[in-house]
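Got some structures for you, see below.
In what follows, chain A forms one complex with chain B and a second complex with chain C.
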Partner chain A sequence: MSAKAKKINGRAETILSIEDISLSFGGVQAIRNVSFNIKKREILAIIGPNGAGKTSMLNVINGFYHPQKGTITYKGEKCHDMRPHLAATQGIARTFQNVALFKGMSTLDNIMSGRALKMKQNVFWQMIYYGPAQKEELEHREFVERIIDFLEIQHIRRIPVGKLAYGLQKRVELGRALAAEPDLLLLDEPMAGMNSEEKEDMSRFVLDVNEELGTTIALIEHDMGVVMDLSDRIIVLNYGQKIADGTPDQVRNNAEVIDAYLGVKYD
Partner chain B sequence: MTDGAACADTFPKLLLRNAEYLADRPAMREKEFGIWQTWTWSEVLDEVRAFALGLKKMGLKRGDSIAIIGDNRPRLYWTFLAAQSLGAVPVPVYQDAVADEMVYVLKHAKVSFVMAENQEQVDKILTVSDKVKAIKEIIFDDERGLKNYGHGHIRSFVAVREVGRAELKKNAKAGERWLAEIGKGKGSDTSVILYTSGTTGESKGVQLTNSRCIEAASDTVKFDKIDENEVALAYLPLAWVGDYYLNFAQGMVAGFCLACPESPETVQEDLREIGPTFYFAPPRVFETLLTQIQIRMEDAGRFKRWLYQTFIDVAQRHGEDILNGKPVPLAGRLQYALGEFLIYGPLKNRLGFSRIRFAYTAGEAIGPDLFQFYRSLGVNLKQLYGQTEAFLYVTAQPDGEIHADTVGPAVPGVEIRIADDGEVQFKSPGMFIGYFRDKKQTAETMTKDGFVKTGDAGVFDHDTGHLKIIDRAKDVGKINDGTLFAPKYIENKLKFFPYIREAVAYGDGRDFCAVMLNIDLVAVGNWAERNNIIYASYQELAAHTGVYKIIEQSVDEVNRSLADELELAGSQIHRFLILHKELDADDGELTRTQKVRRGFIADRYGPLVKALYDGSNHFKISTEVTYEDGRKGEIKGEVKIVDMTPHPAQHRKEAAE
Partner chain C sequence: MEMLYAIFAAPFIDMFSDPVFFAEVVINGLLTGIMYSLVALGFVLIFKASGVFNFAQGAMVLFAPLTLVGLMEQGVPVILALIITAAVMVLLAFLIEKFMLRHLINQEGIVLFMATIGLNFLLEGAGQIAWGSNVKKLDVGIPDQSFEWGGILLNTFDIAAAVIAAILVAVLAVFFNKTRIGRALRAVADDHQAALSVGIPLRTIWIIVWSVSGIVALVAGIMWGTKSGVQFSLTLIALKALPVLILGGFTSIPGAIVGGLIIGMGEKIAEIYWGPLFGGAIENWFAYMLALVVLLFRPQGLFGERIIERV
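And now, the complex of A and B:
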């Protein structure tokens, strides 16, 4: 991992850069003058105490929130703020802190819904179904089956998502995000509420997505063991400000981070 | 497709035969990306040939051993054939073993090549690679997550196969040389080394030879009339003799199609899609399926529940007789046919049992009710008894001669006898040639005249002549009058009654058999409620006179059934008591897998055991108990001991001799 981290920090190009972003809701300052960048093919973790502005940061990146100040540069294009549909079409996908799936739909259909943006045939052809729409459907289905295989969720293919255990729902949500073939994947607390075995599985999937598919990943997570093991780089937020940015080793020894978040030195 | 098996004395030769005669018939299926993929016998031959040539190029030689670790995947089965074609010995390893457990087998079998299913298995091997220096090459099937591993000695199946294909293209003679290599294989060569699970000490490597495997498989293929039209679902562990026998060996001999499930979690669904024609599962699986059915029926509407209950009753009355070909009144047949249409058919379809011609269960005692439930639905469920050392089959129940409490007569070609100490010994066509690198154990297991000791105690049923397994031989003892005493057999009989949860039987070296019981709090509690009996605790309920009465009836039933059995009539229960506390793993009375620790209980309740034999009818006892949080407490109580009147033995000993 360290060899890879060096390579990334050294030469890799930046996929997204955040410059001097500030976001406030009325009098509440959620993010203050934060700048950082995400490099291609890295796993970046954003950590910090509750209310530090981590989820707000992800929401800024994929356009849910519009910052009052600052610029976002994504794949070389500079703009003041993102729009969710633009983010989605340009290859940013995400999962949510509280699973946001269609509970009544099967695993298969939920992941298929992640392909919606890739479907080219219009309503007319889709209504007729036979012909070009069917061909397209088959192609997408094959792609989705590969994701199902990748995430090892064959056994729940036809089960409505609402009936599944929480850990599996999280996995399905990751599947739906992957269906969009993202370049940048944002994961909001992918391990929350999981037991240690489920966490281990999820960590393996996150690493595999990063290694096999080459997807850049930014994640928020509270489990320090997971964060230290998975990430190439860590950014620490506290009261909306960035207090550290570096490799797991640098962060775990940073006095300010220990003070604000870790409490004790984390080995 | 049994003819011709005789002249092919190795599995690779059978592959050549199948590829010739059954070229376009399906040999393997696997569900991938949601769709069943099929390989015909000739395609399998192509894959095996290319892979084998690749292995040869990498340096796999005659006499080497290759470990195979993973779930049931076509490429893992092909590895067996590819290795055997080169004269190497496949050694399947339990895929869920942790890395350190694998070390013993990998070292003992002198493994130099490893075929691993996926990253998980490759990682396990790599973590112990410094302990197992002999491993030269690792090959993996599923490439996921292994992209960055691909260096010199870790390669994918595809890469190895491509090496073989290139060799075939480059060198016209490579294919012929491979055939010549197969030709060199002999029936007396070791076909596979299967390591026993090792419940009793270190696991032992059971060596089976080609011709013995093929002969045994040919026998059972004939016994159950198996042909190339069968379909089986391969979900049993590769390292277990059952999979190598039932699926691999029988599949090669009969030429039928083996279907590999999509993943271990999808077996139930794949079963329904494939609709196998024969099926094997341990009793536990059948039990779980029945519980699932019952739970779902409880949730169903009133009409459906009524329909289900009505026709299950019909099945209980006539189902087994119809399956056994016995006379059944016309009205019964009509009712059963209606039930088949409305309930049994759809239910079997749901379970994936629609096309099953026969199914086997083995491994532990199956409850008679459970066994009869499936048979009454028309599923031809049978029991077999076997061992790795026998290459599985020792006995099996032939169609029409099914009894819940026996495991059937010896299969054709197998000789069984019961030694003086009650141990079952056998001689079979498929039996092993010895434990790998363990002459001492081999000598201990074989008798001088070539029989194998099973370590199980058994008797022949008086009426049918079928074998009945009663216990592990080392637990079996003798009552002072010389009668055989099999504690587990008696305990199992008692536990089939719903009111009895646990039973501990004593009798070895004593004058008679006596038992200590635990009542089932749910079942007896339910009974108490119906009979307006008020109780505050297990202890109070267990000491209730009414409870003693109903338990006495169950014990009497057990005695009655023991009286019917020639060898065991003398081990009827003379006295019993109901323990004042539930046996608990926290107190060390049960193992964590809920088996009674007979010796420990005898020590802990020494005074009670003494009281069972000194004729007293009451005993005051106090016992220390451990609560879940580790605190200790004390339970005091008075335990009643009940005398039973044994039934007269049905078969007099002299008459039988």
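And now, the complex of A and C:
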């Protein structure tokens, strides 16, 4: 267990807790009675075979899906289900498995759109681009430029994202999520389809975000090397059920996990 | 040789030999064009916000003035009738969001398009059930007189329509280009789920857009309705908006305006100077020809966003 993980478990402050969630689509049970916590400032990985309910779980957390059963407690507030708009307002940002960017817009505009909720100025003032509205726009622009620097995507600032390579699109998507200054960041396969160099870059960004900004991160990923290196804690889902929950060390030695997903013991 | 002369030389010689008449043709063309723009604008707004071509726009251009005339026939004063009709269009936007769009979040564009076809029939039917299908005369009190200005024959109503359209367009252009709602709109059009995840309230945006689009339909409907009577054929004006959209680009408000002006002016000039060569009435198909040519060389229109898809 790393020093940071110890610290987190020691404090054990929970930002989000999922209790006894069940979700089904018609006759298909996607998630069965799953409970777990996400602790403040940790990196939590959700792994499992395809169709295990990982993405469904993220969709429940940010309110795209509404579970039939169970409760979600976010920042101490208990509710039956989330709503996407509310989730975003309360500091949950996310990326998607199949990059969901605004393809016709430039990198800059995409990331600016992540600040949609931070813009408070009256629409009327924005129309004439005057006074406080102008100041606000500039402030947001500055913040966005910092994100662009951080993600090292200065050179593609003005390019419509539809034109970019896949790896870069994923980076822009992360940028958009970061623009909302989230407390909880959900990443759905942030490294899918990347080469090893791009994966290293992305891992570095995820770690930096976690350490420097103190953002709590929950991510889904299939690359076990990345998962074991990045995460403080891992949850394993299989057929919609939670079969393991623990540190990377505990999980990689768990017989049931090896059986269901890893196939071999992963070192 | 004679044919070439008739196509490439004679019309231009005519234009230069009578510049005042040419100016009259151009100005009247532009004035008609701005009315096309007004109809096209309704399409652009909804296309920008949902990536959907709203087939029901034509029906809205009929439904709005039909409601207005219906109210005025009941003895409601013009101003009050206008306000009530605008309110009806906003209410319509709420209903469309609640019963149609809300259930189609994150569906393919074609699914939403099909839904608007349904909406089209519903509105056409509902409007006529409520207010009857006779041709109705609409007069909201804008003077309709011809006058001469520097030898050019003009009409006060056309001028008023152009001014109203210009104001409407200016306000909308600034609203959608300068405000956060503008950026939110483009985001919603691109990807519903992603828009939701950054906290853009999809439903609110849809209600805003459909309301604005309904009110634009009302203005367009009043203008056309006053000119040609409020009747079923108003829905067909939407067809004229199609080449305007192709020319200007489906996503551009300035594009809708410039597109409308070019089409309006182009078809008048073509009709007057080239029409006799083809036996007249080329006004009816000139716009579509122009649209075809644009499609060949610039499929995104003159001002549209270029969509790049990686395959």
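Worth a mention:
Criterion: the second predicted complex is superposed on the first by the 265 of 267 C-alpha atoms of A that agree within 3 Å, B and C clash if a C-alpha of one lies under 4 Å from a C-alpha of the other, contacts with A are read in each partner's own complex, and residues count from 1 in each chain.
The rule is simple: contacts are C-beta pairs under 8 Å (C-beta built on N, C-alpha and C of every residue); 3 or more make two chains touch, one makes a residue touch a chain.
The structure displayed is predicted, hence computed values, not measured ones.
Bringing the complexes onto one copy of chain A puts chain B beside chain C with no clash. After the chain A superposition, the centres of chain B and chain C are separated by 90° when viewed from the C-alpha centre of chain A, nearest 10.
In the superposition on chain A, contact is made by A:155 with chain B only, not with chain C. After overlaying the two complexes on the shared chain, residue contacts for A:213 are found with neither chain B nor chain C. Once the two complexes are laid over each other on the shared chain, residue contacts for A:145 go to chain B alone; chain C is not touched. In the superposed model, A:192 lies in contact with neither chain B nor chain C. More residues of chain A are in touch with C than with the other of chain B and chain C. Judged by the touch definition given at the top, the superposed model places A:262 against neither chain B nor chain C.
The superposed arrangement places chain B and chain C with a least CA-CA distance of 11 Å.
Looking at chain A, you'll find no residue that touches chain B in one structure and chain C in the other.
If you check the complex, the residues on chain C that touch chain A are 174-175, 178-181, 183-184, 186-187, 189-191, 193-202, 251, 305-310. By the touch criterion given at the top, residues 62, 64, 84-85, 88-89, 93-94, 96, 100-105, 109, 112-114, 116-117, 119, 121, 123, 126-129, 160, 162-163, 166, 176-177, 179-180 of chain A touch chain C in their complex. Those residues of chain B that touch chain A in the shared complex are 31-35, 144-145, 147-148, 262-263, 265-266, 269.
Within the complex formed with chain B, the chain A residues making contact are 141-142, 145-146, 148-150, 152, 154-155, 157, 204, 207-208, 211-212.
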